[in-house]
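Here is the structure we will look at.
For clarity, chains are labelled A, B, C and D in written order, and residue numbers in each chain start from 1.
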């Protein structure tokens, strides 16, 4: 708790004044949550994948916000890499989705629930 | 940055090897394509040699957080990787090559998967190796993703041609496995990525060493970093198939072909364990290596992380074992048992490095157990990979398919039994020695309840391992088992026999391995913890001259 | 020498594996004979003149896993040596006893029998905790295979239960033992797995720690013994096991539990033992009576003998809990004697089973008419088992009960003033325990004579259709079978009439253990009363270190 | 600090003791024997080596007989070997008797149980023989009768030459060996070896006809009931060791002396309770072995064994072991204020109860068995009345005449194919070739009935008189009980004689027509051809010789009463020189001090038969006279009345029925009407007052039910609990299993839930620890 309050009351540069670190963190947390909830509730594989992308980007926002807060560049560098990886994952996901669609003519996640227990 | 290059020689070798494999795989000549496997093996051998020769001294000079881990981790990965190479032979393109030979198809580079498969194989191993040489969250993230992404593809590929052989079910299962694996994997990745972000946010650095300093007990309380740390650990637990990220395991292992399942049970898990060790070491574990005497500060994990790991360890062991108890499919039994083994390894991580000597060093025990686990688990999967149903070349499914294996195929039967007994932790096999390390370190850390639960879990595990052993060894084969035949890939048998030999021989000569893992678990001298306040000193080991002298073990 | 005794059977295992199945039993006989020979040579070497200070040719020591402190450290004191001799003796007899009974898979059977022998030698010869534990656990595998592969109808369940029950127990025991190791490493000079050094430091643990450690160790050993109420695996395992399996199980494997109590529980946690001995003794007495009565209503001969083992080993544990010379010596003798007489009973039941293919007492009766020689042996060993003076069972049972009776000088039933009586020793039990245990002697007579009266005597009853299918064996025992039983019978008689050589051999080891237990526990209780618990530990420590060297130099201690 | 020092000192002592014990143990050898003997009390001397032959010769017999069995010899050789070995033992005993010195002598054999017990003492129970005149007395008749009965059995068992002959003689030899150990042991544990050893032989021999379920059951019963007693004895041995630190007679007896002195000086209740308990525990053993209430039930059943066995073991020797035990450890009994009264009451009750049972039986062997029990009751009473000599004399005379009676019965049984029912036999003594049997039976009966001037008469009188002399709780009542019992004894003894041996000649053969009792089980349901072509075969030379010798012996035994008159007969002299006397002599002072506390004269002029010059003080009287003098007449009256009653009720018409008898047929007599009038008492008595049923219902059945309950508990509760714990993982798994639904989203939900739990946990931990690490 203490860390968060410290951050919220941090003396930030004037340009950032309207939006404190806390705002960005809440945004990122919200995005992460939305992504997670979306992943849980949507059945379509593509939408589900997009939800994971949303979660990745939530992390990205947090990274950039922290990077700015700490006044150093590592976080931003990190984001570049995250984007790259996300792209790679997207490529993979699409290939997979195509494969699956060919097999079942559907992208409903429930189609693939043969193995259990 | 270039000062890191000498440490990356194995990865570089692997990268070159990967390129070579990709190129070779395009050749229309079967002989050349077959070379891919050999090149993969050669690459791993080379990487292994380079890894063994990694200079720990140099690594600690340049301030790596755990200099010993680099060489040890990579050598371990290369060693088990070599066995895996032998095992994965024939996983892809089997039906396709046969059609080419029979003249029913012509070679088409876009249909042949062999090169890609081996390339992915190497990439994934390379990712795991990179984890071992990580000192930074970004590096760690990339390495973990490099480990995982190829495996998603490998799962699909592993059964790609199986409908040609007549086993259409396998193909659909492989797809299901890859869907589950990929999507849940992405979810897991998102979780640990978010954790990394918070960790960075809380500490202001992605360097593990600096994170450690920021999390040290003397520093200000740092809630964000703690949450980040815990989220990272939970996210990474997907890689090691620990509760609560274990759900995919059984389905994916069942869906993938046996060799790939063996690969999945080892490579991402190794990467995950190494990551957890690095994180845990950064976040608290550490001890000063003060010349002759080992001891003094052993650090503590942040309580939150400790509690969470504790819960995870118990849940993982228990869930893995009790669920394995219920299974009828061999691969699912092994999958759940691999979950349980992750739980055992978490015990070591919780126990921490103790005073640094092997028997009290949970980190070393974990790393040692990782090796044991790699060898024995691979052996069990290898036996499955060596057998198929003669009708449709499908893999063995149920435990009952193994009935009387020891009579029909004594060698495979012995391998299976030895590996199961070793996983059970039966002395004097390798698994026992691994578990003994976990036992001693857990008790040394004062984690008696955890160790007792570990013991009870081993007992639960004994039930299903015993069931497997009895099926293989004590039952007479029936007519249903007549259709089981060995696969035509001799290297798989070699892998099986090698791992069974390892289970026995390594147990006898385990000392060198133990010493190495002890070295690997040592924290670099450049990253001493800041001195802590007096009230934080562990009361268990008052640092009087006598006790320091006492800890210097008499052997 | 001890190493040779461990390796020799293993070498023969390889030979068995490499030769055709029909040679297996011969090779196994040779192998077990060699190990018996080695055992006898060891015995000669052990009792040689020259005193205990001379260099011991039996011991062996080699680093194995120094990073874990594991050494291949072998050595024997008289207790271990006797147990090794017992197992060496039983091994060839088991092979002979199974000569015609095992027809399929002879290589597996005899190979594992020899493997078991090696492990058993390892257990008793181990001076290193881990070597002990490894061998202790490894004995499970051969036994599991012998039961589950060569047993009768319900063999799989029996084998699994045997394995899991004892495995679970011993894992908990391992936790306790490792705790002791850690304690030693923390407080007393570093990481070591040497049993003697561990024992020395383990005694410094606080009473609470000792109690927990004892409970953990007992979880392993009490199941193995088996002590009531952890015994339910035993009847099942015995009933299903093949004859040789039963013989080894009853003869040696159960003794691993009592040996464990003697070797670990007593010297490691004397204070806790002194505190909880009444409880454990009560459990053993319940076991004696309870299992004895259950025997009486059995219809399965083997189950009866199995339950009788539970009952008999109650005496063994009781003797250990008396914590004095007579009790401990009696208990160790009991281990050997029970191995001989119950082993022989199982062999006899096995011979009968080979002929009639039933163990049901309802289908059998009056076999004395058909098998007089068998009946002679049966009555003989039953009498040994009943504890008839002049045979081996009596000496040990008598001493166990005497030990129990006279124990109780302090905190026991004789009260503090008990020391005034010449026959009272230190200990926490007393006459009532002996009396209640003594009822077991009556019950033993009831059920064992019930057994003999039913199957040996009375009108001849044979299973329906038995005469239609005469087997290859003659009606009465063959020369081979008599030869198998003869050594046991002779030993029963010799140990019953002239046990002094064995008892003299045991005396130094037992004296050492008793001194250790009594000094630690007595020190604890005295200081509890006057100084307070914590400093009591230190006092105990001082006492032990003062006393031990004295005892060592005079008795030779452990070799 | 002080405590510390103390404890260290004591521990060092312990250690040193242990070491000392070791050194002692280290050098044991032949030379040790001498040293061993030397450690004994000062007045004990080294005994001669040859007494070892007494137990060893029977052991040799065991070995030789076993060899004959192994070699497949099917002749009478085992019997001759046995006779030779036992005869040798008897000869040695005689030599021993000649050379016996005034004090005890110990002959050391070899080490048996010998260990340091860590409290500065050793527990030593070696194979050593303790010889004094008591030993000689017992061994004389044990080996003597053993030899004679072996000779008898050589003929009696001849039917079994093919099957169990060697087995019989092996057990026979083993019995004599065990008995020798029992009697000659120099310590309580070796005595216990003999004690249980004779039990084993009894078991083996009762169950000799192992095909007969009744024999098997009887043997089992004998062993188990004896074991109950043995437990008491065992506890007594333990208590003795605890109290005195030794179990060796030679060390033990001097240690008891102080207590005896204490009792003498009128402080009987100052003897520690533990010491007083020792004889009570011994007593339990004695009651078991000597078939006293409440443990007597096994002895009548023991008659299932061959008759020589009944004669030797269950009449003459083994059953007197209890008497021997008490006599041997008499000092303990004397110092206990409760032991001897208990013995007295139990003995008298047993005598009466078994006599009443004996009156109602028809099986002549059982009648003899009950009479044995009854006479043993007399012997216990004798001990209790401080008349060790009387008891011992009665043991001796009883051994002779009862063995003779049994052997005579056995001859009848042998001759009439197992027939033992007195209603089916008559006038046997007058059949051709049965004369000696008849005479032997007559002499035996006279002895047992206590007819004046027979040996039995004198020995019984000694006991009866003491009942009135000795002060004790209700002792004079007991005296009357015993007198009545003497009358009853005379009645049932002569009932047998009048029914079976005199009167009209009649015989129906028993079940064992040709094959003897051996195969009784097999033709149990076959139609027995009783009346066709049955010829009783008269006893041969061996049986007749033995009976004749015994007849002479038991007549001559009366003479022993007049030898050494100073000590009340030869037996008294023997007792006088033994451990039983050392104490009993002191005990002469005791009846007032110890038992008869209320009597005014504590200075001790009590009485015992061993002490005939102490008649002046306060002691009991009978009809105002000295019981010793008047008892001759009183008991003679009771005996004669008993015999006359028997004659009236059972005697045949004519002179042999003493002219008052009126029986004309074998099956019926005047007693039948009387019995009918007294119904249901005769039925109760015939069923031995339902003791067996009582025990069955009260002990055996409940115990068996308990066993079944335990078995169920074991299967259901304990094993069930184990299995329940074993199935716990399965239960947990069934809870977890739904989470593995196979659905992608389900798994993701699981992961998310796990994450949530983790985050909540973290928050909680941070809240508790206040943040940071």
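A few notes on this one:
FYI, a contact is a pair of C-beta atoms (placed from the backbone, for glycine too) under 8 Å apart; a residue touches a chain by one contact, two chains touch by 3 or more.
Here the structure is a predicted model, which is why all the values come from computation and not from measurement.
With centres computed from Cα atoms alone, the innermost chain of the structure is C. Inter-chain centre distance (chain B to chain C, centres taken as mean C-alpha positions): 42 Å.
A separation of 77 Å divides the Cα centre of chain B from that of chain D. One inter-chain figure worth recording: chain C and chain D are separated by 36 Å, centre to centre, where each centre is the mean of the chain's CA atoms. With centres set at the average Cα position, the gap from chain A to chain B is 27 Å.
Counting partner chains per residue, chain D has residues 737, 740, 742, 744, 748, 766, 771 touching two or more of them. In chain A, the residues that reach two or more other chains under the touch definition are 1-3, 36, 39, 48, 109, 112-117. Each of the following residues of chain B touches two or more other chains: 179-180, 183, 187, 191, 221-223, 250-251, 326, 463. Pairwise, the chains that make contact are A-B, A-D, B-C, B-D, C-D.
On chain C, the positions that touch chain B within their shared complex are 63-69, 71, 130, 133-135, 137-138, 140-141, 144-145, 148-149, 156, 159-160, 163-164, 167-168, 171-172, 174-175, 178-179, 181-182, 185-192. Those residues of chain D whose C-beta lies close enough to touch chain A in the complex are 737, 740-745, 748-749, 752, 766, 771. The touching residues of chain B, counted against chain A in their complex, run 137-138, 141-142, 145, 149, 152-153, 156, 172-173, 175-180, 182-183, 186-187, 189-191, 193-194, 196-198, 200-202, 204-206, 221-225, 250-251, 254-255, 326-327, 332.
For chain B in complex with chain C, the residues that touch the partner chain are 357-360, 421, 426-428, 432-433, 436-437, 439-440, 443-444, 448, 451-452, 455-456, 458-459, 462-463, 466-467, 470, 473-474, 508, 510-511, 514-515, 518, 540-541, 547, 550-555.
Residues of chain A touching chain B in their complex: 1-4, 7, 25, 28, 32, 35-36, 39, 45, 48-49, 52, 55-56, 58-60, 62-63, 65-66, 69-70, 72, 74-75, 77-78, 81-82, 85, 88-89, 92-93, 96, 99-100, 103, 109, 112-117.
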